[in-house]
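Okay, structure first, notes after.
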């Protein structure tokens, strides 16, 4: 088939079929999620002052941590893309950003539930919530750049630049809002992780890892789909060229 | 307890909804590739 | 002057230049011909340092494109489709702005001279906004040569010009040629190409498909030669 | 040195074009005044509690009118591919960024110089804090968001909907600067006795300015690339 010459040139290894490895990766991810559910609901102790509601904390922290991890992947791949101009890094950045947004949406939804049960308000301008909100907006903006018209390499370049700026902004936002929050909202907020008992820490760490594994599986799958879409585009281009002759 | 269940099920619903979305995206692309291959063999 | 080896330029998924080789000697005037979408303008933009090549080696004025861009830019003039002029500015202001960026000495004198040369002395201080296409193109020509470039790149310079403007443009190219300037001209106007240029290259599908000196300076001769190579493609 | 000289040439060109066309600056000014007027309808200027809104209001007026100017900054270069004219000139891309930044900065400072006194006047606000501190704060804050704003406006100008895109890009990224600068202004205007706290906030904004201005300079080349 003359259509598929460009695969190696792209540096992409195309296979769209589900392989055994994929099943294994997914299997482990699902199993870990199940175990973490057991750890969250049954194994870990119930916190004394807050009661069972405190357990929201596990999923909340798990997703928040992995949203950050995903954006970290975007950051690293953005730098690598600008340095090497290899499309594969742009593919990874695209996929990781999308999944990061999904995770941060979960954080934004579970956050208010936690706030309602812990502090009896749906929202508080508490540093972590504030910076999560800004993080959410930064990557919405990132997605907007993705949806621009134009060739992929231009978008990849602009997204990479914004991906770098956005990620560097995150710690500064956190620092600023923490300082801001501490000065103007003194003691609405209690320290949530104050006294974690041993099995709670274990449940938390395991949940974070479970979500990380899940994240990896999702990125893996997303990249495969993105590659397939690129292959499809190539086929269409080649066909268009043949018809054009 | 209701808060906990709500939060947990929202999390899982979104995650599995996303997997479902990825899956359907994949099927669509693969189908299109297959049909193009058929057409231009 | 220009030495290009295995130049590849991709834009998105499209490969526009595929392993293009080209060599240009000092003082040559070259017509770049070819069907639409063959990559002529892209080649010019790469030489003008506007586009970065995807791969390949480009040497201009004996300097590698990856080495010192600004050294190349100092000696290159580029006249694309768009005028590159600021509409609210007069011809003089436009020339003075670009002249400053190029570090031209005696800028005011040089600008006024050029404006007179392109026959716009009367409109020297009028904003470019109200000018006709022919007048704008004249200012654009002056802009392209404000810094006395050694290499002039023209992209379809004759399109939409009145007879007088064509005369002025050809004049500019001729006089600078005698001063030793090299000119690359992308064009569809075979008449002008035949009168102005000593050599023609034909670009098809991103490579130089033909390269010959213009022996007979008539439109028909060049057109025949072109059709022989390109055939039905437009 | 030549980087700075070229930057000034480009900034001068922008300001001169603005002086000739009189499009952006008057629009920014009218808009700034309109925002103030709308605010005086929304919050009773006679009430003492409204005075607490003044520090925030200064920055709302500044940012919203700045967005108008920033939007035009790179769009105005697209009409005749002018930006390409600058790229092919022997000019470092940093000069283009700095030139654009200077021009925007000057325009916004002009708007602030007129709008902020007017704001004090219309809300009958008696300013008795330290004027140098206020000016320093305004300068530092404006520097920060105009710097990153000029940069992001170059990104947004690639989009068909750049006018809508720019605020979406700019506000989240500028958040730390905005938090810091509003807090500092609040302290200077309302609690002149706690000026050392304002100094802390200014340091934060100053740090932000330096970090992001540096990043913009490093990355600007990638945005201009065609």
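Some notes on this structure:
In this document, chain identifiers A, B, C and D correspond to the written order of the chains, with residue numbering beginning at 1 in each.
Heads up, the rule we're going with is that a contact is a pair of C-beta atoms (placed from the backbone, for glycine too) under 8 Å apart; a residue touches a chain by one contact, two chains touch by 3 or more.
Small disclaimer: the values here were computed from a predicted structure and weren't measured.
At the centre of the protein atoms shown, by the Cα-centroid criterion, sits D. The distance from the centre of chain C to the centre of chain D, each centre being the mean of the chain's C-alpha atoms, comes to 39 Å.
Work out the mean CA point of chain A and of chain D, and you get 32 Å between them.
Chain B and chain C, compared by their mean Cα positions, are separated by 52 Å.
Per-chain CA centroids place chain B at a distance of 43 Å from chain D. Along chain B, no residue makes contact with two or more other chains. Counting partner chains per residue, chain A has residues 150, 154 touching two or more of them.
Shown for chain C are the residues in touch with two or more other chains, of which there are none. Taken together, the chains touch in the following pairs: A-B, A-C, A-D, C-D.
By the touch criterion stated above, chain A contacts chain B in their complex at residues 1, 3, 16, 33, 37, 40, 52-53, 55-56, 59-60, 63, 99, 102, 105-106, 109-110, 113-114, 116-117, 214, 218, 221-222, 224-225, 228-229, 231-232, 235-236, 239. Against chain D, the residues of chain C that register as touching in their complex are 45, 48-52, 69-71, 73-74, 76, 78, 80, 82-89, 93, 97-98, 100-103, 127, 143. Residues 2, 6, 9-10, 13, 16-17, 20-21, 79-82, 84-92, 225-226 of chain D are the ones touching chain C in the complex.
Residues 10-14 of chain C touch chain A in their complex. Interface residues of chain B facing chain A in the complex, by the touch rule stated above, are 1, 3-4, 6-8, 10-12, 14-15, 18-19, 22, 25-26, 29-30, 32-33, 36-37, 40-41.
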